[in-house]
Amino acid sequence: MEKRTIRFRLGETLVFLGPLLIFLIVLYGMLLWTIYVSFSDWSGTAPNFRFAGLKWYQLMVGLDRFWVDVRNNLRWLLLGVVPTVIIALFIAYLLEISPIRGIEGYVRTLILYPVAMSFIVTGTIWSWMYQPDKGVLNTIFRAFGLNFLVSNYVNDPKTATLWLIVIFIWQYLGFAVIILQSSFRTTELQEMVEAATVDGASKLRILFDVIVPNIRSGLLVLVSLLLISTLKVFDIVYIVTFGGPGYSTDVLAFFMFIATFQQHLVALGAGLGVIIFLIAFIVVIPYTLYAFQRWFE
Amino acid sequence: MVRIIRRNPILFLLTVLALAFLTVSYLLPIYVMFATSLKTPVEITQRTYLVLSGNLQWENYATALRLIAPALRNSSIISFTVTLLATFFGALGGYYLARVRAGWVRFLFILVGIALYLPYQVVLIPLVQLMALTRLALTHAGLILSYLVLNVPLASVLMGTFFLSVPRELEEAAEVDGASKLQIFFRVVTPISLPAYASVAIIIFTQVWNEFLLALTLSTPLTTTIQVKLAEVKGSFVALYNLQMAAALIAVLIPLTFFLLLGRYFIRGILAGALKG
Amino acid sequence: MSKRWLIVTTVLAVLSLVLAACQPQEVVKTVVVTQVVEVKGTPEVREVVVTATPKPEERKLEIFHWWTAGGEREAADAMFKAFKDKYPDVEIVENPVAGGGGVSHRVVLQARLSAGLPPDTFQTLGGAELKSYVDGGYLVPLDDLWAELKYADVIPKPLANAVTIDGHPYTVPLNMHIQNILYYNKPLFEELKLTPPTTFDELISVAKAIKAAKPNMAPLALGAKEKWGAAFVFDSILLEVGGPEYYVKLYKGEIDVKTDATFKTALEKFKELIPYINTTNPGLTWDESCGLLVSGDSAMVIMGTWAIGYFKSRGWTPGQEFGAVTFPQKPERILLFHPDTYGLTKGAPHPKTTMDWLRVVASPELQIPTDVIQGGLFARIDIDPKEFPDPIRQELMTYVRENPTKLILDQHGSIAPFSFTQAYWDAIAAFVVAPDVDATIKTVGDLFTTYQVKEGAAWYQWP
């Protein structure tokens, strides 16, 4: 890429950048507000901006629930992103090389609809799927005699979060496959694949040695989007388990909701929001920065 | 197109298995929704999710439609407006970020990216206060502006990422010819960016249509969105899941149609041209 | 050409914003009223200076509540009908936010109130929930209204206390929901020749009998998804093991849970009960737990009076398919309750209309139809219990009339501050899944200190 600078006149800058800047300033303003509130003493329904230092952070760190949340969020980060990418990769590849015609449109619509469907409803459905006694999954398994597959799903504190993550993967698979598919469809990549095929490479080798290394940008976008979504996850927990059993499926975003709106401890909620943000900083942003660096070159 | 159709039995089997698995996992929930939507509250209590009622309550759909029609209208107004504006503003901003090489712009790009990691609950209270200050809180405009605040940065990053991959030769040629930035943007860049526009539009539309918490907080009976209404339809004490499922199945038609219309662009390349690795 | 495009698009965008934000302008009318003043005694000529009366308040009521669907919707309609019967010129703007117990409701209120956009009135459950709004300065004290209506004389004293903070009543209750009711499958009990249990030991023996006769049934249904369900059951045990004074002391933070023998005993008893509770409880909502009775998967459930409305929506009639007793009835028969109430917000756009609304809320004309439909008891004890169509509430109402002091605030409109209550519910719900008595004692003990229950609950007086 050439490095010539394109000059924008002031008027043009305003037109192009203006709206974005306005919204950005508002957004960051609110972020700073939240950071300040986390150091305030707002612990009732009425605003209270008196400075309280680290009071709420200290309280937070002393709560067992907080550490359960951190653990759960990290689990979400890891187990939400990696399986989604891998499964999406295989499905996207399968759609490319499949001998069956016409399945692409079908599969695409099939796995995309969860994005269009209200999460309130999909969450309710999944909680019905997971009910151990009469839920959809166990009923089917028992009907087919597959009793070893019967499980307690989200009623078991040890496995509950994992099953919630399954719902996440189910929801985001569509997006992931689409993003990867469009990555496959570049002319260079297709030429490389054809060359490799002519050379006699197996399908799997083509996947790992030719395709994957060359779809880095698509992977970047996908992984970033997934990381953001898992870090912010709230809706699935809210609808399916409400943080339970006890608070074993609790995540920071859900605790933030409870603290702010049910316990009326707004400062505590703000602090939790800041923590989410910090985790994003530590875990996610370096990765994105590195990737963007490569791109800017 | 990479379509190597060879007689490969293993591949065939794999494909069939994958198809079956996907079909079941994605159609099963729909079936449960459908079955539930046709039941009476008494039948729902039995929790026989897979069993179709003997007495199909098709009128649930009529009732549900009547209940959610205004909410569908509100959600449509809000979602389409936000999508239009956010994509537009995002494209403008993203173009600037992608084309200007100054150091502070790179920094700005990063700032915008960071803003995406904000959990939206964090900004709920200050956002409502802001809306109250500007006297827009309980109107369509208030919700639209709030969603713009949350979505224009996202649109900018996505469009900016895309523009980074568009070669500048065409633009430079146009500039030599004396075209203004705006003209270049609309006549040169936009026509080849339509897939990106479509993709971003889909993402933004989805975010807004599905958003619940903000819509709940800023809602009034006149501006209730579909998500809030779906929660309401179930009720606080009577758990009318049948109506809720019927309503959801009706409501999904709008975003789904939007998807299918724009979807072909989505495939043609959210990242087309960019992916040189 | 492209410039034109830009202009067109910008205009369209701005236009859409403007259209969306368009609101009809308010027409301000000044009314000049000339008054004829009669003066007694010697006719005199007096000059009376009349200033233009301020614009009359718009007859509108903006009201937040959570009675959104099914039978509760009818109850809300009954409320508004009673209001309109008395004041036909009023326009009611309601903002229903679904979710019993008010989870979503609190979100909207918190945001709106702190942004200075209060509705005229909103539904609240009294107790600590009410106190959090009072402390925020969002409600206007209603001393004058209560004096005018003599409301304190017609409602039980504990109910009045539940909505009185620092000596001032802040809301008008329109009903009472009783928490500790044990609903049971009547035909099943008759078949197994069981009497409905009124003590913990009776409960265990009944559960054993049911389990023996119907091994696939979970004798006691529980829906712990919203967390408070487990606390309901535990409350019943606490009430029996410790008695009413202990119960109040506990939630006022005056008991040191870590060293208290009663608390430990209660937990251990709860542990005994757990094998008879459905293992699916973490994933079930309260209505789904009641549904277990209807579907025949369970025989008993401890739930509030609002369950009556649920059962009716499922085609069950009180006294036929199901019966109810308050639980426990030893050492005394205490009713844990919370009210639904409405108040006047500070800065309400239509204060006079709201006061009219509150007057109607306090009246039998509203309470009778609303409470009969919705499932609670009347707030006023001067209403004839026979107004209820079902024997369960007739009996309850009569009991309350004769024993008005046997009421204590429950988990929903609670004694302890809400910051504590939320976390407490989580701990008890977790206990049902993993009954570790010592760990739970420690957790709960820490919660009492962390959330400063002692200071927060000092306002509550009982009896």
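Letters A, B and C mark the chains as written, and numbering starts fresh at 1 in each.
In this section, a contact is a pair of C-beta atoms (placed from the backbone, for glycine too) under 8 Å apart; a residue touches a chain by one contact, two chains touch by 3 or more.
From a predicted model like this one, the values you see are computed outputs, not experimental measurements.
Ranked by distance of CA centroids from subunit A, the top chain is C.
Taking B-C and A-C together, the chain pair joined by more C-beta contacts is B-C. Averaged Cα coordinates give subunit A a centre that lies 15 Å from the centre of subunit B.
Subunit A and subunit C have Cα centroids lying 37 Å from one another.
With touch defined as above, residues shared between interfaces to two or more other chains in subunit B number as follows: 47, 124-125, 182, 185, 213, 231.
Subunit A has residues 131, 134, 257, 260, 266 in contact with two or more other chains.
Contacts with at least two other chains are made by residues 107, 110, 114 of subunit C. Of all the residues in subunit A, the ones that touch subunit C in their complex are 43-47, 59, 62-65, 127, 130-134, 152, 154-155, 157, 241-248, 257-258, 260-266.
Across the complex, subunit C meets subunit B through its residues 1-3, 5-6, 9, 13, 16-17, 20-21, 23, 66-73, 93-101, 104, 107-108, 110-112, 114-117, 285, 287-288, 291, 294-295, 306, 309-310, 313-315, 374-375. Interface residues of subunit B facing subunit C in the complex, by the touch rule stated above, are 41-42, 44-47, 77, 81, 84-85, 88, 124-125, 128-129, 131-133, 136-141, 144-145, 182-183, 185-187, 213, 216-221, 228, 231-240, 243. For subunit C in complex with subunit A, the touching residues are 103, 106-107, 109-110, 113-114, 132-133, 135-138, 224-227, 278-284, 297, 418-419, 422-423, 426-427, 429-434, 443, 450. Taken in their complex, subunit B has these residues touching subunit A: 1-8, 11-12, 14-16, 18-19, 22-23, 25-30, 32-33, 47-50, 89-90, 92-97, 99-102, 106, 108-127, 130, 148-150, 152-153, 156, 161, 164-165, 167-168, 171-172, 175, 180-182, 185, 206, 209-210, 212-213, 226-227, 230-231, 241, 244-245, 248, 251-252, 255-256, 259-260, 263, 266-277.
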